[in-house]
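So the structure is just underneath, and the comments pick up after that.
Chain lettering (A, B, C and D) follows the sequence in which the chains are written, and residue indices restart at 1 in each chain.
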Amino acid sequence: MIENCDQIFVLLRHWLVSFLPAAWQQTAGVLLSVATIVCLFPALFALTTVFERKGLARIQNRLGPNRVGPFGFFQPIADAIKSLTKEDIVPLSADAAVHFLAPVLLVITVFMGFAVLPMGRNMVLVDLDAGLLFYFAMGASSELAVFMAGWSSRNKYSLLGAMRAVAQMISYEVPLLMSSVVVVMITGSLSLTKIVEAQNHYTWGLPHWYIFTPWGFAGFLMYAIATTAETNRSPFDLPEGESELVAGYHTEYSGFKFALFFLGEYVAMFSISGLGTTLFLGGWSAPFSFLTWVPSWIWFFSKLMLSIFVFIWMRGTLPRLRQDQLMNFAWKFVLPMCLVNLLVAGLWRFMGDGWLRWVVCSAILLLAYAGMGLGEMRKQRLGPRSYRYAE
Amino acid sequence: MTPLAGYLLVAALLFSIGLAGALTRRNAILVLIGIELMLNAANLNLIAFWRYGPHPEALTGMMFAIFSIAVAAAEAAVGLGLVIQIHRHAHTTDLDAMNRMKG
Amino acid sequence: MSDCGPSTIVHLLWLIPGLPIVASGIIALLKQPRRRTAATMSIVSLSISLLLSLAAFAHVLSAWTTRMAVERIHSFDVLRETVNFTWIQFGTSNVDLGCVLDPLSAIMLVMVSFVGLLIFIYSTGYMKYDENYTRFFCFMSLFAGAMLGVVIANSLLLLFMCWELVGLTSYLLIGFWYQKPAAAAAAKKAFLTTRIGDIFFLLGIVWLFSQTGTLLFYNNGAGSIESSSLSMLLTQPAALGLTAAGAIGLLIFAGAAGKSGQFPLHVWLPDAMEGPTPVSALIHAATMVAAGVYLIARVYPLMAAGALAGGTTTALTVVTWVGAFTAVFAALIAVAQNDIKRILAYSTVSQLGYMMAGLGMGGIAVGIFHLITHAFFKALLFLGAGSVIHGCNEEQNIRRMGGLKSDMPLTFLTYAIGMLALCGFPLLFSGFWSKDGILEAAQHWSVAKTPLYMLVFGAFLTAFYMTRQVAYVFFGHWRGGKPAHESPAMMTVPLGILAFFAMALGFLGTPAWPWFRAFLDGRAANFAWSGFMEPGLLTLMATSTVVVFLGIGFSWKLYGDRSPKPSAPDALEKITPMTWGWLSNKFYIDEFYNMTVIAFYAWWARVSDWLDRRVWGGVVAGVAWAFALWARLNRFLDNNIVDGSFDKGCDELSVGGGLLARVQSGRVQTYLRILALAVVALVAILIWSSRT
Amino acid sequence: MSVVFYLLAALTVAGGLAAMLLKNTVHCALALTVAFAGLALLFLNLDAQFAGFAQILVYIGAVAILVVFAILLTRGSETPKDGVFSRTWLTGLAIAAAVFAVLGWAVIGSARVLPHETAVPAVTVQQIGVALVGRYVLPLEIVGVLLTAALIGAVIVAMHEKVEHEKEEQK
């Protein structure tokens, strides 16, 4: 029984596919899963928008959407209808083809990422040997879409937004990779399923998630920072800093294309959180050995939502950085920390078991963190910002 | 026609296209693009030979391709950096205009 | 002992030399003004060494008594313990070093560290006002350590190292007051002279190593001076009918002679008195000069190997003759000296001659016994002399002293004891017994009786010059400048202690109770008056007594209590000016050396200088000149021929360059085009050639 | 020679042609990315997973972006008045054609000796990694040095302005 409800989706697919002639079965299976993903995440996106708006409202001490449906829960539906029915405006001077292709490419690349994410036991679309590499390849190509959007719409704000976005994404892609490479070093595989399997062990009922190791923890922090920047979320949301450039690279987009961008960003957030979950939080494995009976996909999605909540929380809490701060932070703090972390991971790998490696690795990381952090502070690069409230 | 021959022909075609571009375009950046294309053609050859060669498990061609990709990245970075510098200096990226050897 | 493995004390043996050396090292690092620290450190380290030595001595003693009393084993070897280790290893052969503890080294250890300690204490008083106090103590402890190293060495190589170290410190300390040109010269002289001996010594070592393959003295039967290798060495003939053993022995003896001032290498020792008096006492009377004697005793088996009839060998004979001659020779010179320390120095030389002769004729025990006793009373005399000099504010000429027995009574008392001991005053003083031992040995020597007579004459002379000195210094009335004063307790107390030993030590070696000799030979020592009853012994003792009295009396008659003007000629000079001249000029040995050896070197130096200036210098100048000429020629060629053609060539080139420049349009794409064409051509050629 | 191959080949060549022919420089760059993507797919079709993904990561993710940035920074996007092709474009074309002719001749000439369909090489990423840090470790190190040098060099060459866009060569 437990087995079944863990594997329910897998079984379901088998059952459905079994009606078809054998020749088509595999293709059909793939298509089915793709369809599931393509439907599931937009739904999730719809939900999340409500949650985000409500959560932000809560943080900012207001009510948020509360008109459509109970507690405004049908708000996304209304939005969807609106954006679908709205007229699609393309500026005259815009480069029509590119202007059209940009959102499509973005959404495609973003959805591609899910192909290799294991969302539960045996629940991965294609178990690629170089899964992680594939994921990052897709992530990298989404930048191009952003640029296309910004450039094609012949608009200063869009172009600037796009420039910022691309520069930021590229700058933070380096720490993103570096912090993930650590996991690869320890696991010895680029395949995400293998990475999850490697974390799916327990001692004294506690899981072997990588976040519970010194390098894992440091790596996770770096990863979190990098992802926040990658997805242009606050406090790294300069590209669409509405106070500076109207809405960044999708200023000139309206209607369904805009919706696509919106969707793309959120889905990118999901997928990258999913990757983080897979890499550091043990993917679909249960947090305690006595909870393993709970279906694996529940764990995956709850972790996913948890990290989404953290994103929202940060957005509601942190102020936006300046461009120079952003870059300095990337190149002068996050990247060096990642490099140190690489070294530490190597140490961890070769020091063998025992308490010693815990002490040494943590010590090195703490020292590096303290040293670099204080250094940057002194140089007034990332000092704590002081506010003067308007009297 | 064997598959390898097909790949080789495609590679040759790409190479020639890149070369043609490099030879005919004015814009320095596009010349660089042409060169990138030529490099990629070479990579395609390497991979194809690796795939259909006698010892794919030796990974020689694959490694060669990977390294050449890395080197190409470096090359692009420096090349484009130079182009930008030239543009800043001569206010043009037109190769026909840049024929002074000094200054 | 050796069979049941060495005991702890032997493992600690290395500490005895180690501590003072370490102390000296630390002192060397100290700042100059740290006087008290330096003194304390060296004294403390040396006293610890003394304690260790006493422990070692006690160990050997107990071993001896048990052996003798209980097991009744009569052998020298059972008392020996060694600790060896490998120092260098090259190929199959390796060089071992090691420490040895046997009665010989035990006694020497005690003597050296004890006398050394006393002299250290003494010098804290004597050197009080010297600004290089710390340096002094640094050198002194270094010396003490090295000397102790010589004593405990079980390897000829280790011994040689410490030996050279000792030589170095001696050099440093003689030249301690290097501002004085005399001191500097003396230091140089000492160093070079001893070096001559050491070269032979080194030769001997190398030879020994090449023959036996080891430099260890004792190594459970495998040592270089143990039966196995000795028998091997005896089969090797060397020049002049010597066996290899004898030859090596003689080479080593040359080294010993250099160190302990045997004729003809004695010249440095008297000059060495330029150093501070404690140095003279410690190094040039008690310990270092005795090192030569000790060395001979150490390698005695080598010398005595293959004894001829009458228990002597060529080597030993040589040793004997040299010793005896030196004894008389130096004593004669000592008669006519006026410098208080010089007299003592020459007497030291002659006493060393006695020891050598004793070794040569009577074996280890005789020589070493005299060595020990002499060490004590000669140290005493030197310290006394030092105190006198100190008291007469740096006056050294005995002609300008006098009547000090009232001014410095303590010094007088101790000095008198020392003097009597040196003269061999009967029964009460150690010198008597030790010297009689030597004379007795000479009496029974099978080869010739001449050494006996020489030595007896030497005894007479000894008594004579010592009396003369004492008479000049302590009797009569004060002829110097400022009145003298007694020295501080820091100096007199060691004098007292030494004086006590100068008397007491003798009773260890009376014929009635030959404890010392028995100890060294590893035999049981038992008391018997019958010891005196041996044939000829009593007569011999009587003779030497008479001789001593004669000497003293004669000398007293000449010099006693009448204090002549310093300018006035010496009493003996009045009698025989001729002889006096010879004696006072030390038989013109130095002059002789100056005329022969040194003159030769000077001449050779001049010759090489001349060669350098004229011949080589000329050659160099010529070569330089030739090169200059060649350079001029080149310049001419350059200016007129090369440059001309070069300019023409340049013109050509510039024309050609102009042509080529057309190609270098600066158009990247042009280059690329050419490149591509080249590729086409190349590939075409390749395919074309690969066809068919 | 599957259909897939022909499609991909067509895509790639089309991308390349577009990149070389289009007037608007940015369009050229985008066409270039298409060509790159086609190449990556060709690699995948050749069972070279790793190389393919690396191709996408480096060329589409970095080089293309870099090119685009360079174009924008040099204001190369607006088309120059006197044509995008240099005056001597004909010769260039001819030479390129010659090169293609020669290469094609070579390939066709040796077509019959070329190997036919072979078994799919079972090469895992693991093996590639092992080879990289094993047999090919020295080249790897050198490439690392080269990339660092390129990074620094690019940053220095294009100093004084926003230099972020050179830094992406990290990957």
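Quick note on the criterion: contacts are C-beta pairs under 8 Å (C-beta built on N, C-alpha and C of every residue); 3 or more make two chains touch, one makes a residue touch a chain.
Predicted model only: the values in this text are computed from it and were never measured.
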Touching both subunit B and subunit D (chains): C
Length of the shortest touching-chain route, subunit A through to subunit C: 2
Pair sharing more residue contacts (C-beta pairs) when C-D is set against A-D: A-D
Identity of the most central chain, Cα criterion: C
Mean-CA-position distance for subunit B and subunit A (Å): 34
Centre distance in Å when subunit C and subunit D are each reduced to the mean of their C-alpha atoms: 86
CA centroid of subunit A to CA centroid of subunit D, Å: 29
Whole-Å gap separating subunit B and subunit C, where each centre is the average of the chain's CA atoms: 85
Residue list for subunit D, restricted to those that touch at least two other chains: 50, 54, 62, 69, 86, 91-92, 95-96, 99, 103, 168, 171
Residue list for subunit C, restricted to those that touch at least two other chains: 669, 673, 676
Touch-based graph of the chains, sorted into line, ring, star, complete or other: other
Touching chain combinations (by label order): A-D, B-C, B-D, C-D
Residue numbers on subunit D that touch subunit B, as the complex places them: 1, 5, 9, 12-13, 16-17, 19-20, 25, 28-29, 32, 35-36, 39, 42-43, 46-48, 50-51, 54-55, 58-59, 62-63, 66-67, 69-71, 73-76, 80, 83-87, 89, 91-93, 95-97, 99-100, 103-104, 107-108, 111, 114-118, 121-123, 127-128, 131-132, 136, 139, 143, 146-147, 149-151, 153-155, 157-158, 160-161, 166, 168-169, 171
Subunit D-touching residues of subunit A, taken from the complex the two chains share: 98, 128-130, 133-134, 136-141, 143-144, 147-148, 151, 159, 163, 166-167, 170-171, 173-174, 177, 188-191, 327, 331
Subunit D contact footprint on subunit C (complex, rising order): 669, 673, 676-677, 679-680, 683-684, 686-687
Complex contacts: residues of subunit D adjacent to subunit A: 26-27, 30, 33, 37, 49-50, 53-54, 56-57, 60-62, 64-65, 68-69, 72, 124-126, 162, 164-165, 167-168, 170-171
Subunit C-facing residues of subunit B, complex: 19, 22-24, 28, 31, 95-96, 98-101
